[in-house]
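Dropping the structures in below, format is C-alpha cells.
The following pair of complexes shares a single chain, chain A, combined with chain B in the former and chain C in the latter.
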Partner chain A sequence: MLAFILRRVIQSVVVLFVMSLIVFSMINLVGDPVDMLVNPESLPDEIERVRRDFGLDQPVHVQYWRFMAGAFSGDLGNSFIFGRPALALMAERFPATLELAVSALIIAVTVGLPSGVYAGLRPNGWGSRIIMGGSVLGISIPTFWLGLMMIIVFSVQLGWLPVSGRGDTEQFLGLESSLFTLDGLQHLIMPATNLALFKIAMVIRLARAGTVEVMALDFIKFARAKGLSSRRIVRAHLLPNILIPIITVLGIEFGTLIAFATVTESIFAWPGLGKLVIDAIVNLDRPIIVAYLLFVVALFLVLNLVVDIIYAVLDPRVRLQGDEG
Partner chain B sequence: MTIRTTIAMLAFVATGIGLIGGPVSAQDLRVALAAEPTSMDPHYQNLTINNSMAMEVYDALVLQDVNQNLVPGLALSWEPFDERTWEFRLRPGVTFHNGAAFTAEDVVATMQRAANVPNSPSSFATFIEGKTFEVIDDLTLRISTETPYPFTPHDMSRIAIIDSAFVDATTEEFNTGESAFGTGPFVFSGWLPGDMIELARNDAYWGTPVDWENVIIRPIGDGTTRTAALLSGDVDFIERVSPSDLPNLESRDELSVFRSVSNRLLYLTLDMTNDPMRPWVTDLDGNPIESPFRDIRVRQAVSLAINRQAIADRVMDGLSTPAGQFSPEGYIGYSDDLTPDEYDADRARELLEEAGYGDGFMLTIHGPAGRYSNDTRILEAIAQMLSRIGIQTSVETMPASVFFRRFARGGPGDTPEFSVAMSGYANGSGEPSHPLRIFIHTKGNGYGPGNRNGYSNQEVDQLIEDGRSSMDIAYMEDALLQATEIAMRDFALVPIHHEIATWAARDGIEYPTGALDSTFIRHIRLQD
Partner chain C sequence: MSTAKTVPAAKPGNARLSKIMQATLSRPTTLISGILLVLIAASAIFAPLIAPTNPYDLSTVSILDGRLAPGEEMFDGTIAWLGTDGAGRDVLSSILYGLRTSLTVAISSAAVALAIGLSVGLTSAFYGGRIDAFLMRVVDIQLSFPAILVALVLLALLGKGIDKVIIALAIVQWALYARTVRAAAMVERRKEYFEAATCLELSNARIIWKHLLPNSVSSLIVLATLQTAHSISIEATLSFLGVGVPITEPSLGSLISNGFDYILSGAYWITFFPGVMLLATVAAINIFGDQLRAIINPRLSK
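And now, the complex of A and B:
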C-alpha cells in the first residue's frame, strides 16, 4: 500500500511538471496581456513599463524559469489584474466553490441512489419509468437554461428563493460557510440543485444498472432462499456491490463539480473559483489561469488516488500494489 | 419514510425558505452591477469601473458631472495663473472619513502615491508626470507644466485624493479598508471579492448627503440574472439591462427604466498605408492589392454603404443611435456641422466606380467577439452591406484578448495587422482633445497610440497640437472642433453608432443619466 502511494505521488509530480510546461507555453501564444490591462489613454511608455514590471519583456523560457523557481517556494506568481498572489486569490474563492460542490454531491447521492436502486428493483413499475424518464431529462437539459428557469420560477414567480450570491456565512469548526446559516442555505439550494441535476441523473442510471445486474446473481438468490428480508438484502448485499462503480465515477465527478462549476457560478453570481477563472481568461490574467489549471490537475490526481484507496477498503479483493497500471 | 412525513417535511422546508427577504428599510439600497472593480485602491488601475467606484468614496479636486463637464470638487475654483501654471483654490472645512482635515499637502502626497503604485496594471502616472505641485498655503495650490497645458483641471479630475497619512499604504490596505478613507459621499465599509461591496453614508459630506444609509453593491455578470434579481426584489437598481428584457421591464408599473445615449462609439478603421501591405484586401482572384482605402472616395463609399439606422433598429433592438463623430450630441467636442452619413448604396457604387473599383474587390473585416454589445452581428451586417456595393466582404471575429494584440501589432515589424477592423471607444477623461490625440494625430511622440490605419494630415496635427497648448479655452475648443471636422470629413475613421446605456430600478428611485455608461451610485436618488 505504502509503495503504491509513494509511486503514485512521484507519478503525480511528473504529470504536474509536464502540465506546467504545456500550460505555460500554450498560454504565451495567446494575445498579449498588456493590451487588455493598459488603458488606451495612457502614454505609450506605459505599455513598456507594465511589460517590464510583469516580466513580460523576458523570453518565454526565462519567464517559465522564474515561474518554476517561485512555484518551488509555494508562489505561483501575482495576478496581473488584482496584483495579489494567485494562490491567495484562489484560496479566498475556494470555500464557496467547495460548499457548492459538496452540497451538489450530497444531493446527487441522496436523491440518485435510492431512486436508482428503486428503479432497479422494479424495472417495469410505473415509478421506475418516471424516474428513468426524469433521468434522461436531467442528462439532456442544458444546465444554463435550467438555471435560468429555476430563477424565473422559484425567485421571480414564487419569490421563495434569492436569485444570486452566497448570502450570510458563519464560522463553524473553523470553516466559514453559508451551509451554517438559514440565509446561506436559501442562497445555496438553487445553484447546488442546478449543479447536482446532471449528477443525479448519472447516479440513478449507474445505481439502476448495478442493481439489475447484481439482483440476478446467485448470492442474492441464495440470500432470498435463506429467507432474508428484502431490506436486509438491499442493505447488506446489494449496496456494497453496486457502490464501487458509483464511487469511482463520483470521485472523478466531484473533481468536475469543483473544476467546472463555472456555468452555474456565473448564472447564480456565485463568488467561487469559476467566476475568478472566467474573468482571468477574458482578461488574459495568465498567472491565475496557469495556477488554476495546475490546481485542477492536482485535484484530479489526488481524487484518483483517494478513489483507489477507498476501493481497497470497500472490496478486499482489490490489492493496491506497486506494479499496478 | 411514509408519504405523509415526506409531505410534512417538504412543507416545513417550504415555509423556511418562504421567509426570506422581507421589506428592507427605505434607506438601504442594493445595486447589481455587471462587473466589479479589481481593487479598492483608487490609484491601483486606471480602469473605468475602478474609477467610478473610487469616486463614491473619494473626491478629486475637480469632479465631472454626468456629461463630463467639470464641476467643483475638493477645489472650489481653478484658473490659469500664468502661461504654464494653474491655480486651484481648495474647499475649506473638508474632513476625511477618519477625521483628518483636508489641505493642499494631501493633494501633493496623493500625486506622489498615485504615480507610483507597485504592480499597477495601468498607472495614473499619465496624468501626473510633467507637473510640478506647489503648495502656496493650506488651501491654495499651483500646478505648473513645462509648456502651456489647458487640461490640467481635466487631469486632476482623474485622481482620487487620499489623506497624506496613507501615502505609503499598500493596495492591500486599501482593499481591506484599513487605509480607505476619502472625503466622498460614501464611507467604505467592506469588500468581499466576487460577492459584494458595502458602503455607508458619509453624514459629514461637504455636498448634499446621499439618500442611502447603507448600500450593497453586488456583481452579477449575467444579464438575465440581473433582471431576475430586480424582478424578485433582491436588488433595487441594476445597470445594463439585456435588450430582450427591456420591453418586459418597461411594461411594469412597479419599475422604472432609464436610458441615455452614451459616448461609447463603435467605429471602423480603414487601412490607409501600403507599408507594409496588409493581406486582407485582394482582387477578385485573390491576389493581394494595395489598400483601396487610401482613396477618400472608397472610404466615403464604405460609410455610405452602411445602413446605420437598420443596424440600430434590427441588430441593436433600438439600443444605439447612428453616429457621425466621436461625441454624441450635447457632449463635449460635439460639432453641429457633422451628421451621420445617410445610407445611399447607389452613390456608394458610383464612388467606387469613380475610384476605379467598379468591379469591386475582396475584403476581410475583423473585430472582437463579445466585447461590445452585439459586436459579431454588427460586423456581419456591415459585411452584407459592403457586399451589396461590390466589396465582397467576409468577417473574422476573435476573443478580445487576441483581437487587440493583432489590432495593435499583429503585422510584420509589430505594425497593425488588419485592413478594416471594428473597435470601440469611450472618452473616459472628459478632455476634448483625447480622441484626437489618440486616434487621429499622426503616430509618434506620444501622439496617435491608437492610430491603426496610418491616417496623417499635417493640418489636423497642427490644430490638435495648437489646441493642446493654448491656455485660451475658447481658442482651444475651436481648434479641436476644426480638427474633428476635417478628420471626420477625411473618414479618418468611420463612425457607426453610439450605444444607448440602460438602467432599471424599483419605482421611487431616480437616476439622472448622461453620456456615461458606467453607474454612479452617488447619483441614485429617492424620488420625492
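And now, the complex of A and C:
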C-alpha cells in the first residue's frame, strides 16, 4: 500500500511538472498579452517598458525558470490584469465555486437517488419510463443552453429569481456562505440546479442499475420471505448496498463539477474560479491561466489517488498497481 | 511468404451488419431516431439549398430586419419562421448553416481521434509489456480529467479557429477509443487465427492491419456514435464560452451565445431555436447509439 502511494505521488509530481512545461511553452505561442495591456496609442518605448516589467522580454526558458523558482516558494506570479498574486486571487474565488459545486452535489443526490431507486424497483412502470426518458434527455441537453432557458423562464418571464451574481453571504459556524441568507439562496438555486443537472441523470442511472442488480439477489428474496416490509427492505438492505459505488463515483465526479462550473459561472456571472479563468483566457492573462491549470491538475491527481485508496480499503480484492512488484 | 495468402482473417461478417439493419428497422425507437438523424444530416448537407436566406451574404442581410419575432415578414418579403437575430439574419437559415459547422467539427474530430485511438490501442495490445503499460498509463491520466476542461485548456493554448477546435476535440477523445480498442484486441490476440498468423511469421504490420484491426473495430461503433454526440455538445459549450469556432463560421453553440445578449430584452428565439436543434441532434444520436448498443450486445440492454 505504501509502495503504491509513494509511486503514485511521484507519478503525480512528474505529471504536474510535465503539465507546467507544456502549458508554459504553449501559452507563449498564443497572442501577445502586452497588446491587451497597453493603450493602443502608446509609444513603442512605453510598450517595451511594460514588456520588461512583466519579464516578457526574456526568452521562454528564462521565464519558465523564473516561474519555477517562484512556484517553489509558493508564488505563481502576479496577474497581468489585476496586478495581484494569482494564487491569492484564486483563493478568494475558490469558496464561491466550492459552494456551487457542493450545492449541486446535494441537489443531484436528493433528486437522483430516490428517482433512480424508484425506477429500479418498478423497471417497467410508467413512472420509471418517464424518469429514464428524462435521464436520457438530461444527458443530451446542453447544460449551458438549459441555463439560458432557466434565466428566460424564471428571471425574465416570471421574475422570481435574480438573473446573475452571488447574493449576500453570512458567517455561520465560521463558514462564510450564501447558503445562510435568503438572498444568497435565491442567487444560488439556479446555477446550482443547472450544474447538478448532468449529475442528476448520472445518479439516476447508477441508482437504477444498482437497484435492479441488488433486488435480484438472494438476500433480498430472503428478507422478503421473512416478511419484512418493502420500506424496510429498501432502507436496510438495498440502500447500503447501492450507496458505496454511487458515493465513489460522485467523489470522482466532484472534480468534474469544479471543471464544469466554468460554464455555469459564465452563464450566471457567478464570481468563482471558472469565471476568473474564462476571463483570463479571453484577456491572455497568462499567470492566472497557468496557476488555474496547475491547481486543477493537482486537484484531480489528489482526487484520483484518494479514490483509488478508498477503493482498496473498501474492497480488499482490488489489487493496486505497484503492490505486485 | 507465399503461404501468407492462405491464412484467412476471421471475417467480422456481413451477417452481423444485416442483423443490425434488420433490428434497426424492426424497433420503433431505433427507426425514429435513425430517421431523425438522416433528416438532420441531410439538412446540414443541403443547407445552402433549403435555407430561405444566406445569413452570411452581407448584401442581403439588413440590420432593419433585426430582432423580428418568429413568423414576421422580413424586408425582402421572406418570412422569418423562427425570427431574426440582432443583425437581421434569419434564425432558421443560421441554424441550418450552424448545424453544418457543428457536424463538420464533430465528425472530423471523431475521425482524427479514431485514427489516433486505433493506432495507439492496437500497438498497445499487440506489443504488450512496457509499451502497453506506458500507453495505458497515459490514457488513464488523460481520462482522469474531464473532457470539457482538457478542451478548454487546449484551446486556451492553441488559439481560435475551426482546425484548432477539431484538434482539441480529437485530443480529448482519442484516449477512450484507444482503451476500448485495446480491450477488444487483447481478446482477439488469444484466438487461434491470431496464433496461426504469428506462427506463419507474417509481418507485424500485416498482422495488425489485416487481422487485429478488422476484428477489433466493431467494438468502436457504439462508442464512436455516442462520442460524436458528446463532441457536438463540447464544441457547442466551447463556442458558447467564446473559445470555440470563430464568429465568421458560427456553430450552433455560437448562435446560442449570440442570443445570450438578447435574452434579457425578451428576444428568446435567438437562443431558443438553435438550442432546440442542438438538443434534437445530440438526443437523436444518443438514443440511436443506445439502441445500437442494445442490438449489438443484447446482454447489456437490461
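What we mean here is this: the second predicted complex is superposed on the first by the 295 of 325 C-alpha atoms of A that agree within 3 Å, B and C clash if a C-alpha of one lies under 4 Å from a C-alpha of the other, contacts with A are read in each partner's own complex, and residues count from 1 in each chain.
By definition in this document, a residue touches a chain if its C-beta (ideal position, glycine included) is under 8 Å from a C-beta of that chain, and two chains touch if they have at least 3 such contacts.
Bear in mind that the values here come from a model prediction, so they are computed numbers and not experimental data.
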Contacts of A:15 with chain B and chain C, given as first, second, both or neither: second
Of chain B and chain C, the chain that contacts the larger number of chain A residues: B
Which of chain B and chain C A:151 touches, first, second, both or neither: both
Touched partner set for A:256, first chain B, second chain C, both or neither: second
Partner chain(s) touched by A:26 [first = chain B, second = chain C, both, neither]: second
First (chain B), second (chain C), both or neither touched by A:137: second
First (chain B), second (chain C), both or neither touched by A:212: second
Which superposed partner A:296 touches (first chain B, second chain C, both, neither): second
Chain B versus chain C as contact partner of A:39, first or second or both or neither: first
Partner chain in contact with A:266 - chain B first, chain C second, else both or neither: both
Where chain A meets both chain C and chain B, residue numbers: 30-31, 148, 151-152, 156, 163, 266-267, 278, 281-282
For the chain B and chain A complex, residues of the former touching the latter: 14, 16-18, 20-21, 38-39, 44-47, 118-123, 125-126, 129, 171-172, 192-196, 218-222, 224-225, 228-229, 231-234, 399-402, 404-405, 407-408, 425, 428-429, 434, 438, 446, 449-450
Interface residues, chain A side, partner chain C - complex: 11, 15, 23, 26-27, 29-31, 136-137, 139-145, 148-149, 151-152, 156, 163, 212, 255-256, 259-260, 262-263, 266-267, 278, 281-282, 289, 293, 296-297, 300-301, 304
Contact set on chain C toward chain A in their complex: 137, 141, 144-146, 148-149, 152-153, 155-159, 229, 233, 236-237, 240-243, 253, 256, 259-260, 263-264, 266, 268, 271-272, 275, 278-279, 282-283, 286-287, 290, 302
Residues of chain A that touch chain B when the two form their complex: 30-33, 35-44, 46, 49-50, 53-54, 78, 80-84, 89, 92-93, 96, 148, 151-152, 155-156, 159-166, 182-183, 186, 189, 266-269, 271-272, 275-276, 278, 281-284
